[in-house]
Amino acid sequence: MDKAIDLTLDGISLNISGLEILNFISMRAYKGELLALIGPNGAGKTSLLNCISGIYHATRGQIRFKDRELSGLKPHEIAQVGIARTFQHAELFRHMTVLDNLLVGRHIKMNAALLSNGFFWGKTIEEEVAHRELVEEIIDFLELEKYRKSNALGLPYGIQKIVGLGRALAMEPQVLLLDEPSAGMNRQEKEDLARFILRIRYEIGITMIWVEHDMQLVGDLADRIVVLNFGNKISEGKTDEVLNDPQVIEAYLGIKASAKG
Amino acid sequence: MAFASGYFKTTYKSDLAIVETFSLWICLIILTLGLIFFPFFASAFLMDLANQVFLALIGAIALMLLTGYAGQFSLGHAGLIAAGAFTTAILFKELNAPIWVTLPTSGLTGAILGITFGLPSLRLKGLYLALSTLALHFIVIYIGAEYETQRGFATGVVIDSPSIGPFLIEDPRLWYFSLLIIDILVVIFSINLVRSRTGRAWMAIRDRDVAAEALGIKVASYKLSAFVLTSALTSIAGCLFAYYRGFVSVEAFSLHMTIEYLAMIIIGGLGSILGAIFGTIFVVLLPYIIDALVDILHVPTRLTTYMFAIKYSAFGLIMIIFLVFEPSGLVGIWHRIRDYFILWPFKHKPLGER
Amino acid sequence: MQIVVNVIVLAALYCLICCGYVLIYRASRVLNLAHGELMTIGGYFLFTVAIGLGNDPVQSFLLAFIFSLALGFIVYFFLMRFMAGESALASVLVTVALGILLRGLITLIWTSQYRHPLQHLGMENSSHQIVEGAVISTFGIAMVISTVLLYLVLFLCFKFTRWGLRMRAVGENPILASQRGISLHMYYALSWGIAAFSVGLAGMIQACDSGLDPDMFVIGLKAFPVVLVGGLDSLGGVIPAAFIVALAEILTIHYISPQASEVAPFVVLISMLLIRPWGLFGTKEELERV
Amino acid sequence: MMKKSLFGIVALASFMALFLTPAFAGDAYLVGFSVAVTGRGSGIYAPVKDAFDIYFKQVNARGGINGHPVKLIIKDNAAEPSKAAAHAKKFVTQDKVILFMNAALSSTYAPMVQVAKRYNVPLFFAGAVCPDAVYPPKADPNLYCSTAFGAKYDSRFAIPFIKNQAKGPLKLGLAAMNIPVSRGEIDFAEELAKGMGIEVAGKVAIPPPTPDYTPFATKLKSAGANWVYAWAPWGCEVKTFEALRKLGWKGKYLAYAHIQAEDDLARLKDDDFYVFGTNAFFADDTEMHKKIRAISVKEKTIYPYTQLTEGWIAAMVLEEILKKTPWPPTPEKVRTAMNQIKVDLEGLKGGPLVWTKGNHFRTVNYYRVYKWDSKKNGIVIVKDWSPLKVE
């Protein structure tokens, strides 16, 4: 592991109304890797993502992006740093088209202000066209052409998740947080998703933290895995090692690894 | 009338056009000509109705931006109109200020009120916010009433017609054209706004504020910008209202007025500028349409008392019907009728229907 | 001394009105903007029943209670039920529309003249000296007593009875509650019923105390600051909030200027929003699970 | 889908209806009337419409005026200025009325006055507070008012009356509603009282509508007022009085007698509750009162007959105006008639209602004070018609 570290979590704890959600979690994400975050239901995976993206504020501990301290920043500030995320339930802007959803992803890269937008002056038009071109690239990349002008509300769930991914990609992030992207997808859609994730990993080279339930997908794709259970980190390491870790198997199957072996 | 039945664009720039097809351009030109020549045929009554629609449209579009696009609920709309009207009245009475002073000052007053009462929106969500705007209503009305009473304008402050340079805007036709131009500007401005970065940010906040923030949108400042813009526009409408009516009185700005504006955007269809236009026309004209029907049907005079009460309730009933059965409003109905004709005899949705 | 009594009576009125706001909000996250109209209609129910029965206060009140309660259920089953799952904004707007509809119906049925149910009930609204220099009217006492009773009963119900607990559960986590087999509709309807009843009761006492006309609905809006100061979802918060607002209002009348009393509650509200936006006892908006 | 399209078509058809002007019989006197039957304050204005309905039904049944029926075009403005303005324009430009009327809140005046001036058609205030422009010596040529109450005149009667009635030291309390008209009058009364050497103990302006009037009454009571004068909408006047009584206040109260006054005197049965006004009560039981009562009962009016006097008087004045307007009527002829009108009100007021060229209010205002007398168990006259010259 001689790669540069992108994201450092240092002793993160989270307490919500007296409930201990996360307990002293430390982990690292290296540049360009696909890091899977797994664990049973209620292990605190999504909460951890929420802490990174600033939606929750960790009760204790520090989060650093490269050399920048992220703790205490608001979600929009973290987005500006270059950390994008997707949501478990896609959370698309329901009454907007796919195209507009993706364009919202370009928000931080645009800078036309209210008045010039209202008059639609030269600069605004130029900007709109330029960013539209970039968004079209993402549409091509994720094979969303035929949904371009459809309303997000009526899309199949799997497509919604892909649009959510596209929206995050549109931010041109350095770190991408994926919150169960495959949940609710059928086999075909999962295969497409796997393809997209690999292309992002190898063609664009974005660091990804990937919360996932589908062990097969994780086993096939992930570089490294971090395992959470009841708010504690129980394992971290290379994919094969972690998947064979008796503690992990116990957490997942609820039986002693020795009994199995 | 031919609408685009698909997408045949060759450049991204052409996709930004508001008017999509040649025949739509023709329709728009015919509509504009109709609007231009309308005053030369219409009676003074119809002119007054047209002017009322134009005046209300500014406020309705402002509220549509705030509620329909940015998703913030306000009960202070009548208060903001009153703020503009009273700013105008006070400047006119105390300093004899001309319209080119009162109009921007009204806008400024509105913007300041928007900031003051929009500030809670940074910490509050939805309903809490609505109620802080209710406070705005009561406070503005209180200040207006104090002014009227202290200065002895018991039946309202009378304001002279405004003049721009040598033109005295008094004739209904002159008003008509002035308001028409203002309205066209406001409509174009709003359409541009909602299809660009600002509008998308507003809609994102409206639909999913958590996701919007995660995408880097400064939710607080966008909420505030929606408040300020809406308040400024509404106050400007209030200023024009004062000049058009020639007087200002607190009794003219009741909560019922706020509700009428809410009705306009609901009945028209939330989240659509076209909806605001439809809704305004509908709500402003509805009472007169019912009146006209009463005249045509020769309802006996004795029964009219009941008719009037029914008319009042009908307003609420229509709002309910739209909210429950047709949440996309008049604009939704319009889209359906349009699609029906585009695709006849088939029943498919056109490609990429919103 | 009189000032203290005035504050208590006004606070009791606010408590009675705001109970419904809080109940409906807690159950379904909807703010009922037709509350003032429900209050006015409560008064008109009493008026109509009083004319029909004549000089029979007990029966008249009971019948009017039933009508008010029924009205709440009707509003829920024939209107608000369809708004389940819609955005809060749409639901609130429906109540706004309902308000207009009801106001029109009031004018249609009862006309806009002043009405005095007390005349037809055969009762007197005499005044009683409670301590030196402080007087209270019969219906002032009625207002205070019914407020105390209502809140007592509600608190006991919520604490100790099964459906009180269930109602709380529905308010706190509707999805979980419905998974446990609690019929949401039943409890939403119940909260509408109790809300319409309590505010109708306020309307009835108010109508007996000082007459009735369609403009009474504005009182419902004037009670808003109380709910916000107390916290939209806190029934217990209503009581101290009502006292604070009533005190502010009455002190303004006495020591600043009577006409400014109209804005006093709103000034309290604004300052509250700046200090503690979720109200005295309200819960801070829960963190959303995404 | 077709069903919903149908919805749109219905909407379109109703929209078209707006452009159709119904054809009126050309042989009628056309009069426009914009009145607040719904909305704020409609309790005062709706009875006026009620009275007009039955009055002109009688007139038309008798064969109309000068052989022509009277056609009233009645519109509800819900006390909104925009609606009142639109009605005025419609009356004048589409319906071609010879005269139009207003009965609504004062916020509806200015837009209607504008229309009257611009199109030179007379505007008659029937039931609302009289605007300043009808007062002498220079009344506006197009504005007329028959309404009982007149701002700046009522207090001129009321304050001296209180001064005369008061035995011992007088401490006057004043009550207004927090609307500009009412507060203006009470401020005027305060000046008047101070000018006459009366001690003004307290003054309250009560915001409409108020949940509880007691705090305001407490303020008046604690200020030590032994007489209170109120000039406000009736609800405000009577609720303030009731609140004072609930506090155990023993003083006397004078209020302007709005249309609901007679019923409420009988309801309250309080010997020290005085009301003054310029319309006779049904307690007088004159021939005219019997007639109104009989017609009201026969026609089943929506409002009780005791509240119809105001509208009835305005209707009598209108009938007289039209009688003096020779056929074919024009606004010009109507104005000529109105400038020299003298209507014998047959006991509904203290004397005839007279308009002259410079005075469109009335030359003499006759005031009367009523109260409940528990010994007689009925309403009695405290002070009979006292003329106040309007100059």
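Letters are used for the chains, namely A, B, C and D, taken in the order the chains are written, and counting of residues starts over at 1 for each.
To be clear about the criterion, a contact is a pair of C-beta atoms (placed from the backbone, for glycine too) under 8 Å apart; a residue touches a chain by one contact, two chains touch by 3 or more.
The structure displayed is predicted, hence computed values, not measured ones.
Colleague: Using direct touches as single steps, what is the fewest number of steps from chain B over to chain D?
Modeller: When the steps are counted carefully, the minimum from chain B to chain D is 1.
Colleague: Quickly list, by label, the chains bordering both chain C and chain D.
Modeller: B
Colleague: Which chain has the mean of its C-alpha atoms lying nearest to the mean of all protein C-alpha atoms shown?
Modeller: Of all chains shown, the one whose C-alpha centre lies nearest the global C-alpha mean is B.
Colleague: Can you compute the centre-to-centre distance for chain B and chain C, using the mean CA position of each chain? Integer Å is fine.
Modeller: 32
Colleague: Distance from the CA centroid of chain A to that of chain D, rounded to the nearest Å?
Modeller: Centres of chain A and chain D (C-alpha means) sit 71 Å apart.
Colleague: So, what's the distance in Å between the C-alpha centres of chain C and chain A?
Modeller: For chain A versus chain C, the centre distance works out to 47 Å.
Colleague: Chain A to chain B: how many Å between their CA centres?
Modeller: Comparing mean C-alpha positions, chain B is 41 Å from chain A.
Colleague: On chain C, where are the residues touching two or more other chains?
Modeller: In chain C, residues 104, 107, 218, 259, 262, 290 touch at least two other chains, as defined above.
Colleague: Identify all positions of chain A at which a residue touches two or more other chains, and write them in rising order.
Modeller: Only 55, 87, 91 qualify.
Colleague: Two or more other chains in contact with one residue: find those residues in chain B.
Modeller: 145, 210-211, 256, 309, 311-312
Colleague: Looking at the complex, which residues from chain D come into contact with chain C?
Modeller: 38, 40-43, 46-47, 178, 183, 204-216, 218-219, 221-222, 234-235, 238-239, 242-243, 245-248, 260, 264, 267, 302-304, 307
Colleague: Can you list the chain C residues touching chain D in their complex?
Modeller: Result: residues 2-3, 6, 9-10, 13-14, 104, 107, 111-114, 116, 119, 125, 127, 129, 135, 137, 140, 206, 210-211, 213-216, 218-219, 222-223, 249-250, 253-254, 257-259, 261-262 of chain C touch chain D.
Colleague: Touching residues of chain B toward chain D in the complex: what are they?
Modeller: 43-49, 52, 145, 148-149, 152-156, 158, 245-247, 249-252, 254, 256-257, 282, 285, 287-289, 291-293, 295-296, 298, 301-302, 304-305, 308-309, 311-312, 326, 330, 333-334, 336-337, 340, 347
Colleague: Contact residues on chain B for chain A in the complex?
Modeller: Of all residues in chain B, those touching chain A are 7, 12-13, 15-16, 189-190, 192-193, 196-201, 203-204, 206-208, 210-219, 225, 229, 271, 351-354.
Colleague: Which residues of chain C touch chain B once you look at their complex with the stated criterion?
Modeller: Touching chain B: residues 25, 31, 79, 82-83, 86, 88-90, 92-94, 96-105, 107-108, 218, 221, 224-225, 227-228, 232, 259-260, 262-263, 266-267, 269-270, 273-274, 277-278, 285, 288, 290 of chain C.
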